[in-house]
Amino acid sequence: MNIKMLKKLLEGVRDGRFDTETALKRLKHLPFEELEFATLDTHRELRQGFPEVIFGQGKTVVQMKAIIKSMLKRKENVLVTRLDEAKGKALKRAFPKASLSPVSRTLFIKSHAIQPAGRGTVLVLCAGTSDVPVAEEAAVTAECMGNRVTRLYDVGVAGIHRLLNRKEDLWEANVLIVVAGMEGALPSVVSGLVSRPVVAVPTSVGYGANLGGITTLLAMLNSCASGISVVNIDNGFGAGYVASLINRE
Amino acid sequence: MNIKMLKKLLEGVRDGRFDTETALKRLKHLPFEELEFATLDTHRELRQGFPEVIFGQGKTVVQMKAIIKSMLKRKENVLVTRLDEAKGKALKRAFPKASLSPVSRTLFIKSHAIQPAGRGTVLVLCAGTSDVPVAEEAAVTAECMGNRVTRLYDVGVAGIHRLLNRKEDLWEANVLIVVAGMEGALPSVVSGLVSRPVVAVPTSVGYGANLGGITTLLAMLNSCASGISVVNIDNGFGAGYVASLINRE
Amino acid sequence: MNIKMLKKLLEGVRDGRFDTETALKRLKHLPFEELEFATLDTHRELRQGFPEVIFGQGKTVVQMKAIIKSMLKRKENVLVTRLDEAKGKALKRAFPKASLSPVSRTLFIKSHAIQPAGRGTVLVLCAGTSDVPVAEEAAVTAECMGNRVTRLYDVGVAGIHRLLNRKEDLWEANVLIVVAGMEGALPSVVSGLVSRPVVAVPTSVGYGANLGGITTLLAMLNSCASGISVVNIDNGFGAGYVASLINRE
Amino acid sequence: MNIKMLKKLLEGVRDGRFDTETALKRLKHLPFEELEFATLDTHRELRQGFPEVIFGQGKTVVQMKAIIKSMLKRKENVLVTRLDEAKGKALKRAFPKASLSPVSRTLFIKSHAIQPAGRGTVLVLCAGTSDVPVAEEAAVTAECMGNRVTRLYDVGVAGIHRLLNRKEDLWEANVLIVVAGMEGALPSVVSGLVSRPVVAVPTSVGYGANLGGITTLLAMLNSCASGISVVNIDNGFGAGYVASLINRE
Amino acid sequence: MNIKMLKKLLEGVRDGRFDTETALKRLKHLPFEELEFATLDTHRELRQGFPEVIFGQGKTVVQMKAIIKSMLKRKENVLVTRLDEAKGKALKRAFPKASLSPVSRTLFIKSHAIQPAGRGTVLVLCAGTSDVPVAEEAAVTAECMGNRVTRLYDVGVAGIHRLLNRKEDLWEANVLIVVAGMEGALPSVVSGLVSRPVVAVPTSVGYGANLGGITTLLAMLNSCASGISVVNIDNGFGAGYVASLINRE
Amino acid sequence: MNIKMLKKLLEGVRDGRFDTETALKRLKHLPFEELEFATLDTHRELRQGFPEVIFGQGKTVVQMKAIIKSMLKRKENVLVTRLDEAKGKALKRAFPKASLSPVSRTLFIKSHAIQPAGRGTVLVLCAGTSDVPVAEEAAVTAECMGNRVTRLYDVGVAGIHRLLNRKEDLWEANVLIVVAGMEGALPSVVSGLVSRPVVAVPTSVGYGANLGGITTLLAMLNSCASGISVVNIDNGFGAGYVASLINRE
Amino acid sequence: MNIKMLKKLLEGVRDGRFDTETALKRLKHLPFEELEFATLDTHRELRQGFPEVIFGQGKTVVQMKAIIKSMLKRKENVLVTRLDEAKGKALKRAFPKASLSPVSRTLFIKSHAIQPAGRGTVLVLCAGTSDVPVAEEAAVTAECMGNRVTRLYDVGVAGIHRLLNRKEDLWEANVLIVVAGMEGALPSVVSGLVSRPVVAVPTSVGYGANLGGITTLLAMLNSCASGISVVNIDNGFGAGYVASLINRE
Amino acid sequence: MNIKMLKKLLEGVRDGRFDTETALKRLKHLPFEELEFATLDTHRELRQGFPEVIFGQGKTVVQMKAIIKSMLKRKENVLVTRLDEAKGKALKRAFPKASLSPVSRTLFIKSHAIQPAGRGTVLVLCAGTSDVPVAEEAAVTAECMGNRVTRLYDVGVAGIHRLLNRKEDLWEANVLIVVAGMEGALPSVVSGLVSRPVVAVPTSVGYGANLGGITTLLAMLNSCASGISVVNIDNGFGAGYVASLINRE
C-alpha cells in the first residue's frame, strides 16, 4: 500500500500533478511510515503459518474475547497462553471449537490448517512431573507454529538411566527444549549427548533455597556443556518460540 | 572397534570358541564401553569440521602447549580462547603458524581447511566498543566452526538510527548474536526487527549498579521480545558455539 | 506571625517593657520556631498551585475522609493516589464532585482552578499495556500540578517503529517520563532521540527473573544514554512530581 | 544535504531525468538515511554549547589522543572523565592547554568559549570528604555544559546544622545535585528544604554492609521526600548532564 | 536448692552417711545442674521487675491462654506481642483485666506494680505514621519493663524542622529508639544531635526497591553517625528490650 | 530378567537359532537396558527396608491415592511427606490403617515390619518450638527407614544450659540432625560437643532479615565447627534420609 | 559567644543604639548560627573526656598529620583508626609520643589524662583469632573514651566450655561487645548468659558463602536472644563508641 | 585429673581435713572445670588417630612454625591446609620431613603412623580439572584421618559416559565426596547411582553468573536426589572431615 502511495506520488510529480515542494512535505513523514510497513512485512513473513499469541495472565475474559474475535475475522490461528482454569473454561464456552489444554494452560483456535514449518523434530524434555505444565506450554507453542514435537518427560538426572534409555529420541531431534527445576542439571547432561542446539527453561519448581527459580536459572547459565542457551523462568512459550525459529527452513 | 569386538565375540560363541558364561562375563562391562563409543561417535559427528577448543583461562602455557601438540598430531584444528596477552605471545612463539587475535583473546591453528558448515550468515552485533572483545570471541568461534560471519559493531540503542541504517544486514542473517553490556536493550530491539533466532550475550561492561553483568543478564532474560535466548555473562565462545549449531545444515 | 512576634519582642526591649534577660530567654526557643516558619514558607511557595497529596495505600477510608475534609476547608486541591477499587468508590460516594480514575488508582478534588505551572509539555510514554496504571499515575499527578500532559502508550522497543513514528511528540516535550517493565530499555532509546531530561520509572511488570521490578530498575540505572534519572519501582507519582518541578517556570 | 538530495531526486522525476522505478529504488533506502540526519539534527541542537565527552575508563592514552585530535579539528570543546592519574598526566603533556583536575579525574580542553546555557544555578552538595571526587565530576560536567555551579561540601546529616546554616544557597539553586555515600540520607533532607528538582548520586563510599554503593542507591530510591530522582552509583557525570538538561532554557 | 543439696551431700560425706564413690557419682551430673541454676539465677536477676514476654505470632489462642495462666499463677506480669486483631480480642475476653493495645498489637496483664527500673527517659521517635505500630511495640515494651517513655512521632527527615523543634526532648532522653522505614535516615540525624546511645529499628514500610525493609536496615548500618546500633526489621520489642537494659541502673 | 534374556540370546547364537547379525542388532539396545537393570538393582539394595516416599506438596488427593494403591500392591511401606491438614485427613479416611502425624505433616502406611537398619541412634535436636514440624519430619523419616530415633527439642543457644544438661544424649548418638531457624547457631555448638557427623537443617522460621531461611542456611554453611554438612531449608525429609544412609550398617 | 552577641544586640536595642528593623534583619540569620552553637555545645558535652577520632582509611599521611597537629593545638586527645602498617609507622615517626597498636590498627596520642567515664566494665569478647583486630579496635576505642575494658578472646561457640569457664567475667561487665565472624553465633550464647546489653560486631572473616560478612551480620540480626543490637561489619570503632555511650554515667 | 581432685576433695571432707564450707567454695568453680575436662575427653576420643589441623590462610609462617613445633612436641600428626606456594616452601624448609602437596595446598607431618579409622573407602569425585585442588584437599584430609581414599576426577556431567564407565568405583565406596563448580549437577547424578551418603562441595570455579560459587552451592542444595548434604564453597577440608566422621567405625 505504502509502496503504491509512494509510486503514485512519484508519478504525480512526473506528470506535474504535484510540485516538488508538496512532494517533499509529504515525504517528510515517509521514513517512519516506510519503516512501519517494512517492519510489518518482516513480521508478516515471520509469522507465516504462525498463530497470533495472547499472553492470558493479567487479561480479563472480556479483553481476551475482543482480541480473539478480531483475530478470527482476519482468519488467523489464535494461541492463548497462561490461562487459569476459570478463564480457560469461559473462553471455551465462548469459542466452542477451541481446543483447551488445562495442563499447559493454553487454548488454541484453528482458523486454517497449520503450515508445517520445521526442518526436523522439536524434542521437549522435562525432569520431573511438576515441570510438565511449562514443558507442555513449550510443546503446544511449537506445535501451533508448525513443528513436529516429541515429548520425553520425567527423565531427571537422579535416575540417569531413564534418559539414556531414550537415546534414539535424543539423536533424532533437530532442536531440544529441556525444562527443569531444582538444580537444573538436565540441560548439561542432554547437551553432552547430542549435537544440536539445546534451549533450556528453568522452572520455579523447588523448595527452600530455590529462590523462585533463580537458582535453577543461574545453574543453567553456568552449564559446563556448550550448546545451551537459556530463556526466562517458566517461559515455556519463549522456548517454544525460539525453538520454532531455529527449526524453520 | 567395539562393534568389531562384539561381532567377534558373537562369532566365537557361534563357533563354539567361547562358552556362554565367558561371553556373559565379558558382556557385563559392555554397556559402558558401548555407551562410550556411541557417545564418542555422536561427538565426532558433532565436531565434523569443528575445531577442538581449549579454554585458556587458568591454564599454564606448558599445559596448553602439551594439549595443542597432541591435537595437532591428530590433525585437528585448534582454537584457544580466553588467552591473556603474555600467554598468547608465548603460544604464538611456540606455534608460529597460529593466527593470534589479541582483541578476541583467541588463537587459531589450522591443520586442515575449515569445512563450510552453515546454512546462512551468522551476524554478530555489539552495542559499544567495550563489548568488542566478547563479540570478537563469538565471531572467531563461529568462523572457526565453518560459518560465514558478518560484524555490526557499535550500534547501541542510545543512537538507534545507526542500527536501523543497517537493516539489510539484519534481514540477511540466519542467526544473530547480540552482545551488549549496561542495560542490555539491544537484543530486544534487534529481535523486533528480524524473524530469526537471536542469541544474546550480556557483558560485564558497566559501572555502579551493574553487578558485574548480572543486571544486563537479568534484563536480557526479561526481554519483551520473543525469539531471544541467553548465554552466560561474557560467554562469547558459548554464543558462537550455539549459533553454529543453529546454523548447521 | 513569628516575625511579628519577634518584632514585638524587640519593640518591647526598645520600649523597656522587657529586660534583656527575659528577651534572651524567649529567644532561646526561637531558632526552631523560626526555622519552622521559614521552611513552611518555602513549602507554601513550592506548592503554589499544587494539590495536597494523600498516599492512599495503607490508609483506611475513615482516615482519608478526615484528611480530605480538613484540606477542603483550607480550599486546597486534593489528590489521592494508590486507591484500590473499593476505597475509591467509597471516597467517590463521600465526595461526589471528585473525579475518580480507576486506571491510575487516583482521585482528584478540585477546590479551585489549577494554576498552569509548566514551561512546556510533559510527555508520558509507556512500553506495554500493563505499564499503563503507573504511567497514568504519573500523568494525572503532572496534570493536577498544572502541566500540559501528552500520553504515548504501548511503544515498547520490540516494535521500535511505533516509537519512531511519533518523533514529533518526542521532540516537542519539555520533560519526558518513560515508564517500562521487563528489560527497561525504553528510556535508553527515547533519551537517544531527544535533548530534554528523561525521568525513568521501572514497573514491577514481568515474570520469572524480574524480581518484582529490581531487574528493570537496575537496567535503567545502567542505561548507556546520558540524560536519564530514575525513581523507585512503580512510583508514578514520584515521576510526575519530579517532572513538574523540572517543568516549572 | 539529504533534503537537498531528495529535492534533486524529485526534480529529476519532474523533469523526466529519472523514471519512477529508479526513484522508487533510491527511496527504498531513504527512511534510514532520513532518520539519521533527523536524529543528528536533534543531537546537534542538543549539544549546542555542550562539549563532546569521552569516558576515559578502559580507554588507552593512544585511543583517547586520537579521539581528542579529531574533536579539536571540528573545533569542539572536549571533556574527558574517569581519568586515572597516569593517563591524566599523559594527556596533559600531549595537550598542554588542557586543564586537568585530579580531584574530579577530568580533563577539559576549550576550543571556544562555553556558551552560558542555564536558567539558574546548579548547586552540588556532598555529604563527606570522600564523596568529593564524584561531586567534582558532577560540578565540572555542569560547568563545561555552560552552567553556573555552586559547591557545598561536607554537609552530612550527622551534623545537620552545617547544612541548615547554608539555607540561602539551597534556596537560590535551580537544580540540586546531592552526592552521598553510606546511608544516603542527604537528598531526603535537602529535598525537604527546597522546591526544586534534586538529582541524587549514590557513591560507593562505605564499609561493611555498604555493598559497593548498592545500599546507598536503594536508600535514595526509597526516599520519603518527593522531588528526587537518582542516577547510577558514582555517576557524577550523569548527574551533571541531567542537571544541565533540566537547567537549560 | 541445688546449693543446699550440695551442702547436704558434703555433710553426708563428712558425717559418713555417704561414701566418696556414691558422692562422686552424684557429682557427675552436677556441672550441668549447677550451670542451670546459676543461669536461672542470672535470668531471675535480669528480669526483676520485667514481665514475661510471649511472642504471639504463630501461636494459637489456646496455646497463649495456657502460657498466660501458668504465668499468672507465678504472679508474673505478662506481655504478649505481635497479636493480630482477632487473637487480641479473644485474649481480652479471656483476661478482662488485661490492657489491649491494637496499635502496638500488644496485650499487658499486670499482676503486680511495675518496678521503676531505668536511670532516665527512653525516647521513642518514628519517621512516619506507618512506623507507629513498631514504635508503639517498642514503647509499650519499655514501659512494661519499668521505664519512663516519651514518644515523638512523625518527625521524618523530609521535614527536618519538626524534629529540630523538639530538641529539648532529644536532649533529655537517656536512651533513644529511632524507628524508620524507607531510606532510614532518621537515626543518623538524631544521633548527630544527642550524646546518648541510639537504638535504630528499620521497618518494612516502603514500596518498590524497599525489599521488605532490607534497604532500610542496610542504610541504618551504614550510618555516617557513630553511636547507633541496629536491631532486626520491625523488631520493636527487641529495641524496647535493649533500651531497657541500657537504661537500667 | 535382562541377564536371562542375554543368556538366552547367547545360547541362541551358540545353538545357531540366531545369526550374529540379528544378535548384534538386538545387542545395540542392550547398553541402556543393562544400565537400567543395574541401576535398579542398586536402587533396590538401597531401599531395603526403606519405605517408598511421596512428596505430598503440589499433588492432589486423587493422584496420591493412585500412587499409594500401586505401592501397597507391591507390599511396600509408604511414607507421604508435606501433607497439609485437609489432604492428610482425606488420605487417612481412604487408608484407615495409616498413621497420620499432623505435626510432621506425614502419613505412614506399614505393609510389613520395618527392618532395623541403623548402627546406632539418630538424635534429632531443634532450637525452638517453631522448628518442631521440620524436626519431626526428619525424625519420622529416620524412624520409617529403620532407625532408633531420640528427640531433644527446644534447646536453643540463648539458654545454653538446657543443651548442656543433656550431654549424655548427645554423646550416645551415632548421627545428629540439628534443626534451627533464626541465627542457626545450634549446629556449631552441638558439633563442638560430639565426635559424630552433624546434619544441619535450616528452617524458614524467623522475622525481618531472615530472608525465608537463607540467613540461617548461610550461617550454618559458615559454621566455625568442622563435622557439619547442610541440607536445604525446611528439608526435614532430606536430613532424615541422609542420616539414615550414614547410620546404615 | 553567640549568646553574648545576642545579648549585645538586645542591649543595643534597649539602649537605642539599633532600631528594631536592623535588629530584625540581623536576627534573620540567627536561627542557624544559634543552632550551630547549640549543637556544638551538645557535642562538646558529649565528647568530654572523649578523644577526637580520625578514620584513617582513605586519608594520606599528609592529611592526617595536618588534622592531628590542629587537634593537639586544642589540647585534645587523638585517636586514629584503620591505619595500615606503613601509615602507622609514618605517623609514629612524626609523633613519637603516640602509642601505635598494629593489631588494632590504631594510634593514640594523649594530650591530657583520660577522664574515667564509665559506670562499669566494658567486656570485649571475640570468637576466633582472626577476629582480634576488630575486637582490639573496639577495646582501644572504649579505653580511649575512659572505660575500664576487659578482653576475653578466642571463646567461639564450637568449644563452648572455654566461654562458660569465664562466667565471672561475663557477669561483671556492664556492657558487652561481642565480635564474631562465620556463623556469628557468639552474641546469642553470650546474651543468654547475662543481663546487660550486648553490642554485636560481625566481621568479614569467613570463606565461601560468607559474602564478606553479610552472612554473619544477618545471622546476628536474627538472634534468638533479646538484648542484642548490631553495628556494621568490622566496625570495631562503632561498637566501642556505642558501648562507651551506654556505659557513661 | 579433675576427677582425682574431686575424689581427693571428698576424701578430705570425709576425713575431716576440709570443712564443708571450704569444700562448697571450691566446688563453686567446679561445673565449668568439670565441663571442660569432659568436653576435652570427648575431643580426645574424637581425634584419636586424627591429625591436628592448622588453617593456613591468614597465618604467617612464623605463627605456623610455632604452632607446629608445639604439636610435634606432643607427638601429634600435623595437617596444614590452605597454604600458598611461598608459605608451603618455607614450612617445607623448616620441617624437611613434611610432605608438601602443592595441588591440594596442604602439608602433612607424620609423627606416628596414621591409625586406619574407616569402615570402607572414601571416594572423591570431581567434575573438571579446575576442581582438582579442592578435591585433593578433601582427599588428603580423609587420608590423614586414616581413611582409604579413591579418586575419580574429570567426570563432569557433560560427558556422562566417563562417569558411568566407572560404576564399580561408585558402588564400592562407603562415603562419596563430590566436588563440582559451574552448574553443580554431579552430586545429583552420582547420588542417583549409589546407596551411600554423598557430601557435596561446591567450588568457586565458574564465570559470569557464577557469583563466586553461590550459584553452584544453591544448585546443590536444590538437588532432586535425596542422600546429599552440602558443605561450604571450596571447603575441601570440611568435606574430608565430615566424610571421615561418617566412615568411622
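List of remarks:
Labels for the chains are A, B, C, D, E, F, G and H, by order of writing; each one numbers its residues from 1.
The criterion applied here is as follows: a contact is a pair of C-beta atoms (placed from the backbone, for glycine too) under 8 Å apart; a residue touches a chain by one contact, two chains touch by 3 or more.
Just so we're clear, the structure is a prediction, and the values are computed from it rather than from any experiment.
Of the two chain pairs considered here, E-G and A-H, the higher C-beta contact count falls to A-H. Interface equivalence for C-E, evaluated over F-H, A-B or A-C, points to A-C, where over half of the contact pairs coincide by residue number. If each chain is reduced to the centroid of its CA atoms, chain B and chain C end up 50 Å from each other.
Separating the CA-averaged centres of chain C and chain G is a span of 41 Å.
Along chain A, residues 31-32, 35, 38-39, 159-160, 164, 167, 192-193, 207-209, 217, 221-222, 232-233 each make contact with two or more other chains. Contact between chains, using the touch rule, shows up for A-B, A-C, A-D, A-F, A-H, B-C, B-D, B-F, B-H, C-D, C-E, C-G, D-E, D-G, E-F, E-G, E-H, F-G, F-H, G-H.
Only residues 3, 6-7, 10-11, 13-14, 16, 19-20, 23-24, 27, 30-32, 34-35, 38 of chain F touch chain B when the two sit together in their complex.
Residues 31-33, 35-36, 38-40, 57-58, 202, 204, 213-214, 217, 232-235 of chain F touch chain A in their complex. Contact residues on chain B toward chain A in their complex (touch as defined above): 35, 38-39, 42-43, 45-47, 53, 164, 167, 171, 192-197, 199, 217, 221-222, 226-233, 237-239, 241-242, 245-246.
Interface residues of chain A facing chain H in the complex, by the touch rule stated above, are 127-128, 156-160, 164, 181-185, 188-189, 191-193, 206-211, 215-216, 218-225. Considering their complex, residues 130, 159-162, 164-165, 167, 207-209, 211 of chain F touch chain E.
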